[in-house]
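Here come two complexes built around chain A, the first alongside chain B, the second alongside chain C.
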Partner chain A sequence: MTAYIVRRCLYAVPILVGVNLVTFWLFFFVNTPDDMARLALGAKHVTPEMVAGWKQQHGYDRPLLFNSAVRGTGKLTETLFYRKSLRLFLLDFGSSDGGRDIGHDIAQRMGPSLAIAVPTLLVALAVEVGIALLIVMFRGSYIDLFALLICIVLMSISLLFYVIGGQYLIGKVWRLAPISGFGDGVDAWRFVALPVFIGVLGGVGAGVRVYRTYFLEEEGRDFIRTARAKGLTDGVVLFRHVLGNAMIPVLTGLVVVLPSLFLGSLIMESFFGIPGLGSYTIEAIQNQDFAIVRAMVFLGSLLYVLGLLLTDISYTLVDPRVRLG
Partner chain B sequence: MRSTNIIAVLILAASDVAAAPWNNPYPAADATADVYYDSFEERPKHLDPARSYAENEGQFIGQVYEPPLQYHYLRRPYELVPLTVREVPTPIYQGADGRELPEDAPVGRIARTVYRFRLKAGIRFQPHPALARDSQGGFLYHALAHADLAAVHTLADLPVSGTRELVAADYVYQIKRLADPAVASPIAGLMFEHIVGLREYAERLRRLRTAARASGGFLDLRAHDLEGARVIDRYAWEITIKGKYPQFLYWQAMTFFAPMPWEADRFHAQAGLAERNVTLDWFPIGTGPFMLAENNPNRRMVLVRNPNFRGERYPADGEMEDGPAGLLADAGKPMPFVDRAVYSLETESIPRWSKFLQGYYDVSGIPSDSFDQAVQYTTAGLTLTEEMRRRGIRLLTAVSASTSYVGFNMLDPVVGGDGERARKLRRAIAIAADTEEYISIFRNGRGVASQGPIPPGLFGAREGEASINPYVYTWVNGQPQRRPLEEARRLLAEAGYPGGRDPATGRALVLHFDTSASGPDFRSTLDWWRKQFDKLGIQLIVRDSDFNRFQDKLARGNAEIFQFGWNADYPDPENFLFLLTGSQGKVRHAGENAANYSNPDFDRLFEQMRHMDNGPGRQRIIDSMVEIARRDGPWLWGFHPTGYTLMHSWYSNAKPNLMARNTLKYVRVDPVLRAVRRSQWNAPVWQPVAWFAAFLVAGLLAAIRVYRRRQRATAL
Partner chain C sequence: MRLWLALQQWWSGEAVLLWTDALLFLLLMALVAAYVHVRRDEPLRRSWRRVLGSAPAMASAIVLSVYILVALLDSLHFRPLQPAGESGERYEAGVLSVLDAALTPERTHTERSYSRPMAIRALEMTTVMDPDGLSRQEYPRLKYGGSHLQDPAQRGADLLAASARALAQAVLTTLLAWAAISGVLARRHGLSWRIAASGIPGRAGAVPWRTIMMTLLVLVSLGCLCAELGPRYHLLGTDKVGNDVLFQSLKGVRTSVVIGTLTTLLTLPLAIAFGVAAGYFRGPVDDAVQYLYTTLDSIPDVLLIAAMVLVMQAYMAGHAEGFSSVQQRADLRLVLLCAVLGITRWTGLCRLLRGETLKLREQDYVHAAQALGAGHLRILGHQILPNVMHLVLITVVMQFSGLVLAEAVLSYIGIGVDPGMHSWGNMINSARLELAREPAVWWSLTAALAFMLVLVLAANLFADAVRDAFDPRATRRSEEAGR
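So, the complex of A and B:
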């Protein structure tokens, strides 16, 4: 297994370099350093000298990928790509174009993102698995049909609608939770409750349908028929045998999203005023802060690679037949 | 405490409503605290007074930093009054030989103007670690070792603070910072044109900075004199500017010219602090009534009362109507009135508006989506809706000192130039584009159609019939009325485009409209613009692009017709009329004249007008300039936005002041009344939860019953 993990880590290096290159190219294809300078300096009284000064001060006065003005390795190292992107591999995110320490910002914002994402994931998992098992228990009945209909309706509604509707009903009309904001320490639960509830509600339709499919697949297998023939109750069959054997897809689906939890949710954070990483990335794109954009894209790709690796490892934990070599 | 307040406190205690409602986003302990609550939409980028230029940053640093002058809070027209200095300085004119000239010396003879400022004694900086000293008198935190920085992420992590008296050298130090290339002040280029020796000083600093970077040292600006800014004694300094520029004093009311203690610059220059986000751009240090206690732009900014503030007093006079409006009730009382101001980040308008209605924000604008909920047009004019009145909400409106216009690129071969044909084409378009309709549809009536470049309320803007642009409007029944479309069509035909047809192609004339308003939100606006041109038979091609592409087009002169705007730096017509001067041409001079309009008569009059004091003579020249601009029509004029502000009944001393940023000190809130209202408005509704729980239990019971029945059932 160790050899497998090392090999996968080595595979990740060219992937991350590629992601970095593509991000770099896309960003500077759309924005020139002059654009970044103008946006940073504002619209009034900006002179070409000030633009040049800003670029020099922030290190954007170098060529993008190849510097023909210098000799030797400098042709590659005295470039924007080398200076701005390669440090990321040491997890040194550097400073934003606004002068702030990106690593510190990320560390600060990760907490609020996780405060929403982790409870949403766990509660959603429990609710979705529970409802899916119930539906499977009543498969083929009107309850099953009705539940499926509800799931499709819930899936068809945009998350934005849940957010606005939830804020309106729960926050404004029923006045049961703050409409937006974030609290410190224990007080945070008051602010987390509404976005978590809405996050769970927004995903429950799709989640229940997926889990129901997994469980139904297991339900049709021979060992389940045998269990029933032995006289086991529905509850024991479902919770012990169906759920236990459906854990591989459930777990792999879960592990792959774990790293992305750190990156936060754009809509939830924006509407609920959660100071997390989702809004951090969007603000950086709006402000054309390349330093933050590349750091967040790098972090995203790194976590995604990590998620896939963890998924592979999790196979071996839930299914003894799987061996990584 | 007023008797009503005492009664309210008793009611609170009796009914135990002091406990925060469930949806209260603030700690329950703050329920009756003297706190002002507001929101901010966009995180501030800069809090360094030399760098900050945006209005959303001004709401924070305007309360912390104190430039020498300020705008009188109540008097109109806007008037400069001393803030930290004893009096508003009188300009001293000097000839080329350095001799003093009389006050009425002709502009041509004035080589330099000197402004001497005399500081009030005893003003002290807020507590700050940069000013903290040890028992030997040395600075405690000016030589932080790398190990000391391990736990430092904010100034609060350095436990000891110090203070000292504000001196003239602090103001001079800040002026030097404006030239520092490492600071990159947005007004550096502008000030190079005015402050004597500032451009050369910037060059010198550029060289010194390179050397300082190599040695890793702090560049102490005190050691490098600037000719145009000089300390006279502990409390006095002078600024020397080139020629005569009376508007320079307005800049002295902006935070660009607020004092900066050298110790703060020295402190923040230490290696390692910037990497920890502890920068001067993030942690202000001032002498103002408030200091920034919490700086978390991702969530919340908190200003608290500066314990070292000297105690400025509320103004004792204002306009005639200020007394009856209750704006002089606090006359002569020491400010500020609130202990704390909490600004929460709200990027979306819906939660912001809802929280205002729940009483969790003291003031609010009106989002477009909620406009009808807040105000209505009746025969009596614009009024608040019944819902707002019931809550005791009040409305304040003010035409802002800004203009939103559509410009013609005067370098363009079709719409530009000063030929009669192009002039008639521009005039025809100006008549056809129904600005009043635009304001009504897209701004809910929140704006005033422009009659010229100067917004109403500023010196130079006329009122009544004299105010209208006669090329676009006529005066009918005491109101400006847009000229008929037939006249626009006639002008178009005279311009050589009968029925909007281009004789060169035989087809509809094609014009291009550039705007940075891109995306689905602006589609209806752009469609509206197409329709306005369509009235004349002109085909309008809209080229929307992002802000940078748009700026680029303007800079290169590639835009034909474009949408743009300007916010005033100061309340003087010069700050609007300069937008049409030839020397400000965007393409040739990289200036602010995006239309690239150039008229020698206008430019000559501008040079005369800019140096004059307000009076009939200046008004006459402004009238002539406005007439030239209206005749040539480089802009389609557009509109001046009107700001609508709603405030709760517990908020007092509110008067729109479009120039001042340091207005928090005048604000008074009644926290007890606020707590009562919040409790009344935010009682939780539990029935839906009870229904939901009952539904769940019923469903569960039904499922259990069905399950048991199935378990008991036989196969056959």
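So, the complex of A and C:
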């Protein structure tokens, strides 16, 4: 097991190096630091001196890959590639173009992101699995057909509609929850309730459809027929046999996204004014702060790769047929 | 009628071809070629017949074709002929599309600010001066909306009369279409005309004619309603700067269709080539392709798109002199956005194709072809490619709806289409604070969301039917791919 995990971690290294190279290429070759400086300084009347000054101030005044002006290992370390890109592997995110410490910001904003993402995930899972089980119970009937139709309609509605409509109806007209904002401590749940509700509503159509296919696939297997032939009731078959076996794809689908929960949801956080990593990213995109975007890209892929690793490990835990050598 | 005039204008004007226009018409030609191919190929024809036999699929196909038609009309760009005897230029400077020309009253009837749907007065009070020097507050009459009415009290009667006219036209048109279709059916099947006509409302044959006629009736009614009321009222109200919301929503159709189709189209060759090559050649090629898509996959979609769009923006800002007009710039940005979106979306298809090819290359007919001395290219082209095309088709139709939804979200974040371009995402973005106003301005938002909902719903229903018809054994796999 340990050997397997170590091996999997080693597999992850080339992928992360690849991500690193892609972002470096995007942000330093396609779009040179000079372009960045000009964008940050505004388009008009930019002198080369101003560009150089901006670059020096933000630490972009080094060669890209190879610094021939310095001796020894400095030839490689005193470069943008080492300073801005490789340092990410040490989780050293540096400072943003606005001058803030990115690592500190990330640590601070993780909490609110999780406060929204974790409840959304759990509630959505419970609701979707419950509805999907109900639909499977009535498979082939008009209820099934009708529920599927509703799912498709729910899927076809833009998330923006749920957010804007929800804020308007629940927040403004009915005044059940604050429209946006975030609080600490006990009071926080009032701010969390609406985003969680809307997040669940937005995903329920697609989720129920996927879980329904998982369940129907199990439902068609031989051991289900055997269980029914033994005279087990519909409920026992559904909960013990169908749900139990279908939990393997359901759980593994969840494990992949677990680490990425830290990143939060871009849309929900920015609409509801939650100071999490999602709104942090949006602000960075809107302010064209390349350093933050770069850091978030790397962090995102790191967490995704971690999710894949966890998925493979969780296979061994839930599925006795899988053994890792 | 207006459309005919618009087409005439286009014919006399100087044609302008934008990048997206060219790509869209390329796509149209590919569709026609595919149609010809399907007609010749019996198994394919059978699968398509199954799609056409399903009532929801047929209804959504009609809705989709209306959207596509609007998009195509909006892609015929031209510079209209200058009225004779003015300046030296033969053509006007501004570029129009046939849709713009057809919707000229809606396009040019700009009010001063917000107005409710079908209103004749503005939403907000302004101060007016009486002839005798007194100032008072009132809701001013709109410049164009309902300006033909002398007395504001006539509005209800006028609206009713116009709607009745529109409905009558619609019923008449649908009846004509019914007669025409039954005539064709009667000739083809050698039936009497009357039997064919009475068969249409029932469940005659495999094609769900009743659904088709109902869908047509609804669509034609809506069309007639717009044609009747559009020039005289603002059917869906006006936005903050007084632009007609119906016009904006119709203009948004093209942007969505372009994003939904071109995105997949631009990266399709990449996905097919890499996926099939990886599965067929295995070994180092496979390793390289797998590494490539795992790396791209591991970057969260939104962030990758954001990173690439930011870079693109900076690049375009730095090279502004390369674009001769604002429209060209927006258009190029749309193409690049499609490419960027495509880069994040091709990995799923590539993975599917690799897996399928791995299976196919062990089939007897492939071995037989190898034994007969067929080269790699021949095997790939004749044995492998035709047998994975159903996966490509399913992926393309399933991705469409997701892309349309993604456009709105990306435009909201500020990394979508050009802010000056007509798109539903931009409409929603600029309208989302209007609900907080008093009185709430809901029409702009609702119009954009409704137009989007109909398109996405139709696309989803159609995609489901296509998937069921072409891939009956692997519903689950494509479900995951579509997620």
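By our rule, the second predicted complex is superposed on the first by the 291 of 325 C-alpha atoms of A that agree within 3 Å, B and C clash if a C-alpha of one lies under 4 Å from a C-alpha of the other, contacts with A are read in each partner's own complex, and residues count from 1 in each chain.
Criterion: contacts are C-beta pairs under 8 Å (C-beta built on N, C-alpha and C of every residue); 3 or more make two chains touch, one makes a residue touch a chain.
What you see is a predicted model, and the numbers here were worked out from it, not measured in a lab.
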| item | value |
| --- | --- |
| Which of chain B and chain C A:293 touches, first, second, both or neither | second |
| Touching partner for A:177 - first (chain B), second (chain C), both, neither | first |
| Partner chain(s) touched by A:53 [first = chain B, second = chain C, both, neither] | first |
| Partner chain(s) touched by A:134 [first = chain B, second = chain C, both, neither] | first |
| Partner chain in contact with A:23 - chain B first, chain C second, else both or neither | second |
| A:314 touches, of chain B and chain C: first, second, both or neither? | neither |
| Partner chain in contact with A:120 - chain B first, chain C second, else both or neither | neither |
| First (chain B), second (chain C), both or neither touched by A:14 | second |
| Partner chain(s) touched by A:38 [first = chain B, second = chain C, both, neither] | both |
| Footprint overlap on chain A, where chain B in one structure and chain C in the other make contact | 31, 35, 38-39, 43, 164, 167-168, 172, 270, 288 |
| Residues on chain A engaged by chain B in the complex (per definition of touch) | 31-32, 35, 38-50, 53-54, 57, 95, 98-101, 104-105, 108-109, 112, 134, 137-138, 143, 164, 167-169, 171-183, 187, 190-191, 233-235, 270-273, 275, 279-280, 283, 287-288 |
| Chain A contact footprint on chain B (complex, rising order) | 21-25, 27, 43, 45-46, 53-54, 153, 181-182, 184, 186-190, 274-277, 279, 281-282, 296, 298-299, 344-348, 350-351, 354-355, 357-358, 547-548, 551-552, 569, 590, 592, 682-686, 688-689, 703, 706-707, 710-711 |
| For the chain C and chain A complex, residues of the former touching the latter | 291, 294-300, 302-304, 306-308, 310-311, 313-315, 317-318, 401, 405, 408-409, 412-415, 428, 432, 435-436, 440, 445, 449, 452-453, 456-457, 460-461, 464, 475-476, 479-480, 483 |
| Contacting residues of chain A [partner chain C, same complex] | 14-16, 18-19, 22-23, 26-27, 30-31, 35-36, 38-39, 43, 152-153, 155-161, 164, 167-168, 172, 206, 209-210, 213-214, 217, 260, 263, 266-267, 270, 281-282, 285-286, 288, 290, 293-294, 296-297, 300-301, 304-305, 308 |
